[in-house]
Every structure is written in C-alpha cells, then in structure tokens.
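Each chain gets a letter, A, B and C, in the order it is written, and its residues are counted from 1.
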Amino acid sequence: MYRRWLWPGFALPGVIWLIVLFLVPFYTVLAVALGTVDPILFQAVPIWNPLEWNVGWLNEVVHRLGPGGNLTDVALRTLEYVAIAVGLSLLIGYPVAYYIARLAGRTKALLLILVIAPLWINYLMRMLAWVNLLAPDGYVNRFLTYTHILSEPRDWLGGRPSTVILALVYGYIPFFILPLFAALDRIDQSHLEAARDLGASRFRTFLHVTLPLSKLGILGGAVLIALPMFGDYYTPNIVSGAAQTTMIGNQIDFYFHGGPQPTIGAAITIVLAAFLTLLMGYYLWTIHRSTGQERTT
Amino acid sequence: MSSVAGTPVAPRPSAWSRFRGWLSNPWGRPRFLPLVTWGYVVWSIVPVLIAVQFSFNATRSRTAWQGFSTRWYWGDPVDSVWHDPTLRNALVQSLKLAVADVVIATPIGVLLAIGLARWHGRGSGSSNFLMLFPLVTPEIVMGVALLLVFTEVFTFVGTGTTAQILGHVTFSISFVVVIVRGRLFSIGRQYEEAAADLGASPTVALARVLLPLLMPAIVASAAVVFAISLDDFVISQWLSKGGETDTVPVKIYSATRAAPLPSTNAIATIMMLLTLASVTLGFLVWRAFTRGERRAGQSVVKDMGALEI
Amino acid sequence: MARGEIRLIGLTKRFAEVTAVDHIDLDVAPGKFFSLLGPSGCGKTTTLRMIAGFEQPSEGRILLDGTDVAYTPAHKRNVNTVFQNYALFPHLDVFDNVAFGLRRAKRPKSEVRQRALQALELVQLGGLEKRKPSQLSGGQQQRVALARALVLNPSVLLLDEPLGALDAKLRKTLQIELKTLQREVGITFIYVTHDQEEALTMSDRLAVMNGGKVEQIGAPQGVYEDPETLFVADFLGVSNLMDATAQGARDGRCRVRADTFELTAGSGAIDVTGPAKIVIRPERIELESREAASGPNRLPGMVERLVYVGSAVQVIVRVATGEALQVLVPNTGKALPYEQGTPVQVHLPVEALRVLAVDEAGEPGPAEEAALAEASGRD
C-alpha cells in the first residue's frame, strides 16, 4: 500500500466539490455582508478583498439587534421560543427516550421504529397535519368545544406564540429523542445494578447515576435541535401568519425575498452563524472536557 | 368454566378494569413512563394519519370527513395531483432532483469516504473537518450562501434546477461519507491486505474486494440521499426560480399558507410513501447483504441514531 | 539455487516513539519450518507483516532469494500469508477464494480450475467449493486460507498465529497436519506464535523474540535445553530460576553459591562471576529420600504440594535456599514415595544445571515495559 497519492486522489473530487460549493459560498456571504450597496440599482456589491471590507452594514445590523434596535424584539423572541421549545422537548423527550432505552423490553423495536418514522416524514407534511387540525373547524376546536373546555372555537393559527412553540416542539422533538435514546441505551446496566446493590433507591440511582451519564446525550440532542431551530422561518409562517411571532429566520427571509436587501440579509446571516458557532463551540468544548475527565478518573 | 374440582371461578374482569388495575398497582414498575411514551407516539403519528385520511376525502374539506374517494389523487379533472399541472410538475421536479442527487452524490461520497479513511497525510484532518461541516450547518445559512454564490459568483448557473441539484448534492455528500465510513471501519483492512497478498494491485483489490463488501453501505446511503432530497425544503425553495422549479415541499408550503386543498394532503402522502419506501428499502438491503456477518442483533437504525451524535 | 531463503538484515520498524522491531538479523534456510516465538508485543507479527509487505520498514533489508524486497509492494512479492482470522473474502465462495490469486495472475481457466481443486484436495476440503466462508467451521476456514495461499506456489509461506482461534484438540491435529504439509510441499514456512509448545513441536528452527529484539535462535532442542538468556529460559517451559553468586570457572564448570550451598553448574555462562542466576528444567531434577546418601549438588527440601497433570505429576518443592522448584515426575502408574509435607533431598545434576549472567537482556526495564504495552496493540 505504498501509492502515496491514491487515497488523497480518491478524496479529491469530494473535497473540491465542498470547497467550491460550500466554502466559496460562505465566503460570498462574508463578501456581501461586508460589501457595499449600489445606490442606483439597490443591488449588493460584494467586496472580495478582506482588507477592503466595509463593516458598515454589519455594524448597522448589530445595532438593530442590540438593545433599542428594531430587530431586538425578533432576536429576543427567537431566543425565547427556542429555549422554551428545547425545554419542552427535554421534558417530553427524556421520559420517552428513557423508557424505550431501558424499560421497553419486547416493545423496544416497535417503539423505536415509531419514534424514528417521523424523522423521515416530510416536515411540512407534519406541519400541514396540524394546520388541518387547528383550523377553525378542525378536530382540535371541535373536540375542545364538544367537551366544553372552550365555549367557542379559538383561532389557533392567527398569531399565537404558543402555537409556534408547540409546532417547533412537534417538529424537532424526534431529532432530540434519537441521540438521547442512543446515549441512554449505551449506559451499562451494570452501573445501575452496582448503585442499587450499594443501597440506592430507584429514584436516587436515576438522579445520581443515570442522569449524569446521560448529560452529554441531553446536551447533544439540545444542540442538535437548537441549531436548526434558530434558523427556522417556515414554522412560524405556516402555523401563524402574523408579524408578532416572527423569528430571526423570517428576517433573513424578508431581506432576501421581501426587500430585497441582500446585504442586510447577509449581515444578519453572519451574526446568526457567529452566534451558532459559539453555541457549537461551547458544545465541543464541553465534550472535550468531559472525555478528558474520563481519562483521568 | 368451572375448574375440575368444581370450585367456582370468578368471571374474567373487563379490559377496562384490568387496565385500571394495572395502572394502580403499587408494586408495579412506574406506570407513567409507558403512558407518556405511548401518548407521545400517538401525538406524534396520529395527526399525520389524519392528514393522510383526509387526502381521501370525498369533498374539499380538510376538516370534515365526508366519505372515501381518490379524487384528489387522480379523479378530479382539475385539482387532483394527476391533473393539476403545478402539482404534477412539482412531483416530477422533486423526483428529478432526487435522482440527480443520488447519481452525483453517491459516487463522490463513496470515493471521499474511502479516501478519508485511508489517507493519513497532511490535509486529511482538515478535509475530514470540511466534510463534517455541512452536517452541522443550519439550512437557512446554507440557503443564503448558495443563493448568493449563484447570483454573485457563478452567475452562469443562477437559480433553478441546476442550482437546486448542486445544492442538494452539497449537503448529501456528508451523509454518504458518514454511512460508508461506518461500514469501512467494521470491514477493516484485512481483506484488502489479503487481496494484495494474493497479487491484486490496489485498484484491483478495491474493485473486486472492497467495493463488493461496501455495497450494503452504498445502497443504504443512496436510499438515504434519495429520501433527504425528496424531503428537502429550504435549499429547494431558496434556489428555486419559481413555477416549474418548485418542488413538492415548496408547493405544500405555499398551499398550506394560502388555501390548502385535500390535494395538498394527497401529494404530501405520496411524498411520504416514497420517502418511507426508500428508507425501508435501503434498510432491508443492508440487512440482506450483511446477513452472514451479523452476530448479536444490532439494528441499523440504532447505528444511524448513533451517527447523529 | 536457493528457493525460499529469507534474510533479514538490520530490520527495524518504528511507530511514532515506539520501536516495535529493533534491528533484527535473521536467516531462514529454504524449505525449513521456522517459527517466530514470543509474548504479545514482542514484534513478531510486525516482522511478519514487513516480510509480507503490509508494513514498510523504517530501516533494514529483507532479502528474498537474494533480492531486497523491503520496498516492493505486497502484491508483487512471491510471498503469501495465512492470516490470524483467515480473512476469507465473505462475498466469494470457497472455490473463488482459492482461485483469487490465480485469476489475478491471469492464468487460463482450465489451469485455474485444476490447481484450485488440487489445493483443496491437499487440505482435505474437496467437495466444499460452493460453500461460503460463513458456512464453514473454524478449522475448515483455516484450511481454505491455507489452500488459497499455497495454490500460488509461493517461495515462502507466512503464517500469523493461524491456530489461535481453534480449540485445543483441533489445534493439536492441525499442528501435525501443517508440519506434514510443509514437508510434503517443501515451501519455507515462517510461523508466528506465542505458544511455546507449538513452536517447539513444529519448528525446524525458531527465534525467540522479546521487546523487538531476537533473544536466541536455534533448533528447538537447543533453545530449550541451552537457553542463553533469562528471558528465553523463562519463556520456554518452566525454568526454576534461582539466585546465586558465581565464583568462577574450574575444570570447565562454574562454581556457584546459592544461599549457603555450594553447587556446580555444568553449562551456560561458565566464566561469569558475581551475581548470577541458575536454571534447571523440571524434568531433570531428581528427588531423593532424605535418608539417601548425600553428594554434590544436593539441597534439602520439603514437598509443598503435588499437581496431577495427567501424563505426569508436578511436584512443588520448597528448598532450603527459600525458593520453590517445580519438579516434573512422569506418571509410571506407581505411587509416589512422598506426599505433601514429606522432607526430601533435591538433586540438581551438574550437566543439567545452567548458569546465566544476570545483566543479560532478560528482565524488561521500565522503558521497555511501556514500549511493550504500546506495541502489544499492534501485535
């Protein structure tokens, strides 16, 4: 196996593709965000030389996102929605993942298939399903009025934050359950038996053994759904047409398709990407630290 | 139903009281966990099933069931999927992109996987990192990036089908690499070494030994690429030129926001069946190919779940 | 003209900071059954892999019939390997596996068929051509691997612990078969194993390796009877190592003092003085009754325990120097005249008692231990 150029040669088409159609596009976003706008045609003028980059628009966007800007609400709202949605996903998802991983016995395979299937069902179809159900004459309203929980049908799709958050949970929770399941499934039964053997009750075993061991799985699942959720624009658009529930993704969408002002759109994208990189970095650092700790113990 | 000795036997309790008994058993395992789990499964799947059901509704209501009909699939001469040109075109476009995606991304991805697994020199680490990046990039960021690159840099491409195909392939390659790489690791180097030992040059060893053994992973990754291409929304929308370049998810999106008809449900159901069929096929092929090699039952889905992390 | 002669000259392999194979020199005569014997991590498998061509040496030369093949790719060397886990191609049936090499060499179809079937007959697997490897037992898979390698008439056949995965009885049977096969076919066999009994029974010559170096090379009898280093003495069979102080040679023998006893060692490093070790094989020690006449090289002792191993009895005797010696007494069917607790006299015959210098490479030092542990992952 001495041919030194054989294996890099194999990798070459893929690497070239990713450079041309992944790295170059990212650089283009930077070039546009840090570029200028043609005053006559209102078109973005990208600047390719880093030394000539114009931070004007980026600054503008950062100001708008900061306190007092007109994008502040959206930014805060996005944070709020994502935080609540991830929290709810954890609340619902953890027991489900735990049950399937550790207690399901004979139904484990079946439950696994049922939990994985939504991952492959089109996201928009799942949202469509809820739009049908939440329509003024849909099953949800009919059920609630029939059981007299509500006196009259409620407008679920008219711009309610709770609808958007619940839709986000519905849409993303399968992506949370799966890695969490994998982490919980991997926990060696003998650890738990050792704890029980040493006198810990079922609950305390969970608290002091299972939970800490699944922490990385929780973090991984949370990051896995938070990252795309921050960029989500279609969910608010589908289950709520209103301006008061828009997320940061909607702003990017607007500046590209509504305006269009691609320079601002690109700038917001850069800020979002930077924020998400920090999030990802935090996750990787936590993993690195914990595996380091494992080695020393 | 009395026993042999003649002592009377109590009547079997009804299903409902048995369920309540199970629920309140103080010595039983925690009851709320299976309840929550099955409750979640129902909450997760039933809405979709209802949507599928309404695609067969006899009237144009999506909320009131009025009888079974296939009009939204092919019956209705104006609005059915078969007859409505926008829906039909969307279906064709989705399939076009998916097939092109598989045909382009799978070979590139397989080569990349083999190259990365065997290459240990300079640049291999960064290439590996580059390959992982698309997996963690949010779709809107990729959509923005690709749109800008096709309108500002590669303007000869512009938006439209070509751009959509290029975009799809870009995010699909990493999926192929991850799946094929897993298989490569479990195969190990022994077969290639044995082949070389018996006189096969590296390219022959690759063709006659490695590739046949990689087949299950290649087929599985093709099935996965097909499925994720069909399901893709953000990239397809951002790189669409409108009209005939809209894919099914894009049409579902616009219809859902405007005035959905049961035909929307119908086309969504078709897509769902195509995607699920593709994934199931890939899974079954994998299991069939690796039948002789399996020890304890490790399901592929668990492996794929582990890949997410 | 020599066919199948291997010479290793200064062969070295380094992985990062670990030296797995350290400048070894080895000559393997053509047509011989040669074993590389040693514990995990000693470098034997790495050496074999370098001869096969799967690893590139850091330094040194590999001469196959006079030509240096160290930098020739594996697929161009006329050397074939039987792998530890057989590495039979799972997607091909038995026939295609065996025919693989012949087809790579572009032999005509009829020749391929004839030679492949012949090879399968040679290993007694005729009739199983259509089976897939997963449908074969371990022993059968091993034979297919053998047939696949032999069918190409290599100059040298390399075997990497091929019997490791088999149960004891099957191992014994196959050991005899392999030895017979080698004599029949006349090809040089280089056999890697950690099982010293295997190496002793099968080899014409063997090399004992430790920590990347060759400790001793020779015929099995020579290596076993006359170990040159502590490691070799201890690795092959039981050595009954005892501490002693050597007091120099006299009349071609070495006088040693063990504890308070004066003994004479008839072989080994006769001229050594100072701290030393004496070794004696368990089957050479003679146990005499306490009342028997005393004489040179006799130590008082007490039987600590008896271990019955079927064909013999291991008698563990605690001698007056404080050490415990293992004595092997063949099972003649008659009752032994001692039991646990019996005081005995231990006779260490002069010709059987061997003295070894203590500063020879034997005990691994701390740096070598670490290197062994690292390299054992590769062995």
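One rule holds for everything that comes next: a contact is a pair of C-beta atoms (placed from the backbone, for glycine too) under 8 Å apart; a residue touches a chain by one contact, two chains touch by 3 or more.
Because the structure is a prediction, the values reported are computed rather than measured.
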Chain whose mean Cα position lies farthest from subunit C: A
Innermost chain, where centres are averages of C-alpha coordinates: B
Dominant interface by contact count, named by its two chains: A-B
Approximate Å spacing (C-alpha centroids) for the pair subunit A, subunit B: 18
Length of the line joining the C-alpha centres of subunit A and subunit C, rounded to whole Å: 60
Centre-of-Cα separation between subunit C and subunit B, whole angstrom: 55
Where subunit A touches two or more other chains at once, by residue number: 1
Multi-partner residues of subunit C (each touching 2 or more other chains): 54, 73-74
Per-residue overlap in subunit B, given as positions that touch at least 2 other chains: 196, 202
Subunit B contact footprint on subunit C (complex, rising order): 52-54, 73-76, 79-81, 83, 85, 87-91, 100-101, 104-105, 132, 134, 148-149, 152
Complex contacts: residues of subunit B adjacent to subunit C: 190-191, 193-202, 204-205, 209, 212-213, 292-293
Subunit A residues within the subunit B interface of the complex: 1, 3-4, 6-15, 17-19, 21-26, 28-29, 31-32, 44, 46, 92, 95-96, 98-100, 103-104, 109, 111-118, 120-133, 135, 137-139, 142, 170, 173-175, 178-179, 181-183, 185, 217, 220, 224, 227-228, 230-234, 237-238, 241, 249, 252-253, 256, 262, 265-266, 269, 272-273, 276, 280
Contact footprint of subunit A on subunit B as seen in their complex: 29, 32-34, 36-37, 40-41, 43-45, 47-48, 50-51, 54, 62-64, 108-109, 111-112, 114-116, 118-119, 121, 123-124, 127, 130-131, 133-134, 136, 138-142, 144-149, 152-153, 166-167, 169-170, 173, 177, 192, 196, 202, 227, 230-231, 233-234, 238, 249, 252-253, 256-257, 260, 264-265, 268-269, 271-272, 275-276, 279, 299, 301-302, 305-306, 308-309
